[in-house]
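Presented sequentially are two complexes of chain A, the first with chain B as partner and the second with chain C.
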Partner chain A sequence: MRALRAYTILFFTISFAPIAVVVVFSFNTQRSLQRFTGVSLEWYRQFFESESLRGSLFASLEIALATTIVATTLGTLLAFGLVRARARWTPGLNVLMLVPLVTPEIVAGVSALLLFTQVGLRLSLLTVVLAHITFSISYVTVVVRARLAALNQEVEQAAMDLGATRGQTLRLVVLPELWPAVLAAALLVFALSFDDFVLSFFTTGESPQPLPVRIWSAIRFGVTPTINAIGTLMLVVSVVSVALAVALPRLLGRRESGVGVLLAREAA
Partner chain B sequence: MDGNQGGLTGDAFAARALLPGGLWLLAFFAVPLAIVVALSFGTTDDLGGAIYGWYPENYSRVFDPLFLPVLARSVGYALATVALCLALGYPVAYYIARFGGRRKNVLVALVVLPFVVNYLVRTYAWVALLADEGLVNGVLGTSVRFLNTPYAVIGGLVYGYLAFMILPVYAALDRMDPALIEAGKDLYGSSWRTFVHVTWPTTFQGVLAGSVLVFLPAVGDFVSAQLLGGPGTYMVGNLIQQQFFGAEDWPFGSALTTVLMLFLLGWMVLYLRSAARAVRT
Partner chain C sequence: MSEEAVRFEGVSKRFGETVAVRDLDLTVARGEFFSLLGPSGCGKTTTLRMVAGFEEPSSGRISLEGRPMAGVPPFKRNVNTVFQSYALFEHLDVRGNVAFGLKRRRVARPEIERRVAEALELVRLTGRERARPGELSGGQRQRVALARALVNQPAVLLLDEPLGALDLQLRRQMQVELKAIQREVGITFLYVTHDQEEALAMSDRIAVMDAGEVQQCGRPQEIYERPEKPFVAGFIGISNLLPGRTEDGGVRLATETLCPAAHDCAPGTEVQLSVRPEHVVLDRASGIPGTVAERIYVGTATQLIVELDGGARIVALTREDWEIGDRIAVSWRAEDARVLR
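On to the complex of A and B.
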């Protein structure tokens, strides 16, 4: 047990070390990645002074925002339908919803690229958004469905028996119970979309390109401190949105968000 | 049927709610996959533009002696990644599940946290550490060649996908009744035999789920091989990426993608059948 504990500590140390190096050296005064010579914001200044890198940052944020809005809406509706509809094609749709989750990113990227070029859509930020939405819907559906399935349907029935219309029941009974999960799913999708490289790489146009695609091109020209700064900025955005995804629903709704389903806690 | 039975269940609105998402997935997910398969039988014109047709040669090229080693390497690297993730991750999952106590959730969050950081940035961090002029060589005062080796590529994949192994294994261990282990110790005596006869079989479905979750992204990865390796360590993902950016042979790229897809689909079916059997027994 003591050996196991020592191993676990070592494990965490090694898994955080590379990230710590990126963050620490993003504040280095010199170009060196071997010696830390002093604290400066030089590389952040360079990042924000570059018009094209700023453009990429805003492009990434726009993509993530648009993806979040559309995917959360479609995914929530889909979850509602999958749990509550008794359509003949519900099981088939369920499979269609789950397959994107296990599709390797490169397959997703190739298929999206082919679709857009075959219908003659010029590659741009729009095509990136369309691809991101496609592979975000399922995350929303899985998270929201976990929460929806746990709802007590008798409350809905009671509301309708007492004369509430369908719309009123949805708005006054179902949505208030559901929104912590919807919010959590939205923040997760934002983080996933902001971080995504492979899909963006296959579907982006020339300019502006999403930030991860810019990192990819930059790394191939060698290791530079500016990449450390971009990496640290991206890290902050992702950590904040994922932390909010877990914490906000609990703070505001005092309920389980349903995110646990993605951590396999509720998996069969 | 009584329309009001169980609130909104079976309501016409619920059926209509399926439409937007369902149609979207059909148009932007199912149709594109069909296009990939269709184009995999196509060919290119003189300018490299893709044209549809019936050219099954793309598939014999996939298994050409020139490309076969790349496929074999991808599967080999991915299997090595699964094995290493299991060996490195199982003890961590075990420690958290059995001895985590009140800090369990914090420890699980610590497992997840590095994976919230962009995969490119995490891989790049290893480049910065292991480069010829990198931090490790700088601190040790050595000039060891770490990059451009299979070890670096597999290491990058392990670091990239380890959480996918730890989480399901942890979930399986956490669900397990600790009394089983106590009973095992009474029955078998040593801790090791208890592990072999009790803990391992009980958590095997979690291990299987983790293996699939690691194998799927690892086998199609092209980032690790590109950044930490070189042409000698290229995987099928790099080969596919080259066909679409550079070589401009989209039909061959589509054939490679289709083969990868079918190969993974086969494994998924096997896994799901095993999981279904485990649920029944």
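On to the complex of A and C.
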């Protein structure tokens, strides 16, 4: 028991120590990254005063939002197709769908870049969004499909038996049962897209650049406390969206969240 | 209005190569408690699903209160189903579940309130309106499913093994309640079960099904006391089935004994003689000789398994004391033996 506890503490210390350093020093009064001299919001002020950095933040938020909306819609539809169509080729499709999840991002990035230049698409935020959507769909489908497959078909039949048309059945019975999974998938995709670097790096245009790419460019000229501030802000956005993905369905009276389903599936 | 609730005319259902239901002809009267009884895979659930509209017959026709149902989708049929899994809406509370059907029909709000309250009182769930299905016990979930269907006052209530998921004691109790509820509301029940005891206890009439066909249809007493086919005799209760050949006025068993029994078969026809254990008369002298092979005390009586000298085994119920190994003679009255082919 004691060894287990010690191991747990060690694990969390090692995992969170670097992040803690970034967060703590983002509130430092001085430029130093070694000595903490006092608390200030100076670096946050600098960040928000820089128009180009603000532009990158909004670019990243826009990318994440657009990706989330499109990928969640398409991924949910795909999940319906895979679960309900039961065609001869669905087993193959189920495997094919997992490929984007395991493709090395650098490969995906290079391929996307090659594709976009081949078809003559100018690199911009649009190309970033397109690239993000391609890998995000799989996440949505995995989460939603698991929930959909677990849904008792008799429940839908019960709705129709009680006088609900197909449309009403979908709206009144299927979606309410499904939406925790859809919501969880959406928030997950938002977090993944918001802090994605590799794909964004390959597919973005000149300006504005997504925030992670922007940080990478800035770091080449030395780490400034402003970077720490940006890092902290990004961390907050990601953590909040994942936390919401886990907590919202529970807060709203559902037992299981879709993310739990994803985690369980990945473990299995 | 017609007096018949459901009529099947030459209804068959094929799934690819397999025939689930073959040439079904049945009429269920209004207000009747009608059971489809048979082992799993006999086509009883498929039959129910065709009435609900989840499956279309491959041939033949089904009418509800005289109206043909071909091509009518489930949500336009005046029937409601109690599913084996209950299929409750987990995101709605008990009230929301029960009111679901009435809301789809745009019933006025005060009437919805009134009828939901009535239905919940009928299944004794008053006070649990706000509970989610997840918070209820198996028996309570079953009652919600029943109330949700009954509240719409359908022409026919379809029940697909509704007590299958309950433990034995609760099942017995619900059998009595279900029958009482049916009598009170007077709605036609079409009840699917594989439990012969359940069917005998609750039904006005039973159709025993096997391999997609109705083997026999009649009142519980008829089915039990006068089975017409070996399958029915074997499936309902315990039956001794003895193979033999018909002769004038009786059946010559494999043991060479001639048993008097009424039949209208040509002499020499291969038949089975069916005798219920409670009709077997035990004696020391007159009858087919045998030995007591096993005795099982079942509370109200003792079940004896008698090994006849010819090799066949017979089950008998008795209140007398017999020991394993006792020499014994079995017989029965001619009118208690049924000749089945």
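We take it that the second predicted complex is superposed on the first by the 254 of 268 C-alpha atoms of A that agree within 3 Å, B and C clash if a C-alpha of one lies under 4 Å from a C-alpha of the other, contacts with A are read in each partner's own complex, and residues count from 1 in each chain.
Note that in this section a residue touches a chain if its C-beta (ideal position, glycine included) is under 8 Å from a C-beta of that chain, and two chains touch if they have at least 3 such contacts.
What you are looking at is a predicted structure, and each value in this text was computed from that prediction instead of being measured.
A count of residues in chain A touched by chain B and by chain C gives the higher number to B.
Contacts of A:T165 after superposition: chain C is touched, whereas chain B is not reached. Contacts of A:V155 after superposition on the shared chain: both chain B and chain C are touched.
Legend: residue contacts after superposition of the two complexes on their common chain; A:E177 is shown touching chain C, with no touch to chain B. Of the two partner chains placed by the overlay, only chain B lies in contact with A:F80; chain C stays clear of it. When the shared chain is aligned, chain B comes close enough to touch A:R35, but chain C does not. On chain A, the patch touched by chain B and the patch touched by chain C overlap at residues 154-155, 157, 159-161, 173. Per the touch definition, chain B reaches chain A in the complex via residues 4-11, 13-22, 24-26, 28-33, 35-36, 39, 88, 91-92, 94-96, 99, 108, 110, 112-114, 116-122, 124-129, 131, 133-135, 137-139, 159, 162, 167-168, 171, 174, 209, 216-217, 219-223, 226-227, 237, 240-241, 244, 250, 253-254, 257, 260-261, 264, 268, 275, 279.
On the side of chain A, the complex with chain B involves touching residues 1, 4-5, 7-8, 11-12, 15-19, 21-22, 25, 33-35, 73-75, 77-78, 80-87, 90, 93, 96-97, 99-100, 102-107, 110-115, 118, 130-131, 133-135, 137, 141, 153-157, 159-161, 166, 169-170, 173-174, 191, 195, 197-198, 202, 212, 215-216, 219-220, 223, 227-228, 230-231, 234-235, 238-239, 242, 263-265, 267-268. Against chain A, the residues of chain C that register as touching in their complex are 52-54, 73-76, 79-81, 83-85, 87-91, 100-101, 104-105, 132, 134, 148-149, 152. Listed in rising order, the residues of chain A touching chain C in the complex are 152, 154-155, 157-165, 168, 172-173, 176-177, 253-255.
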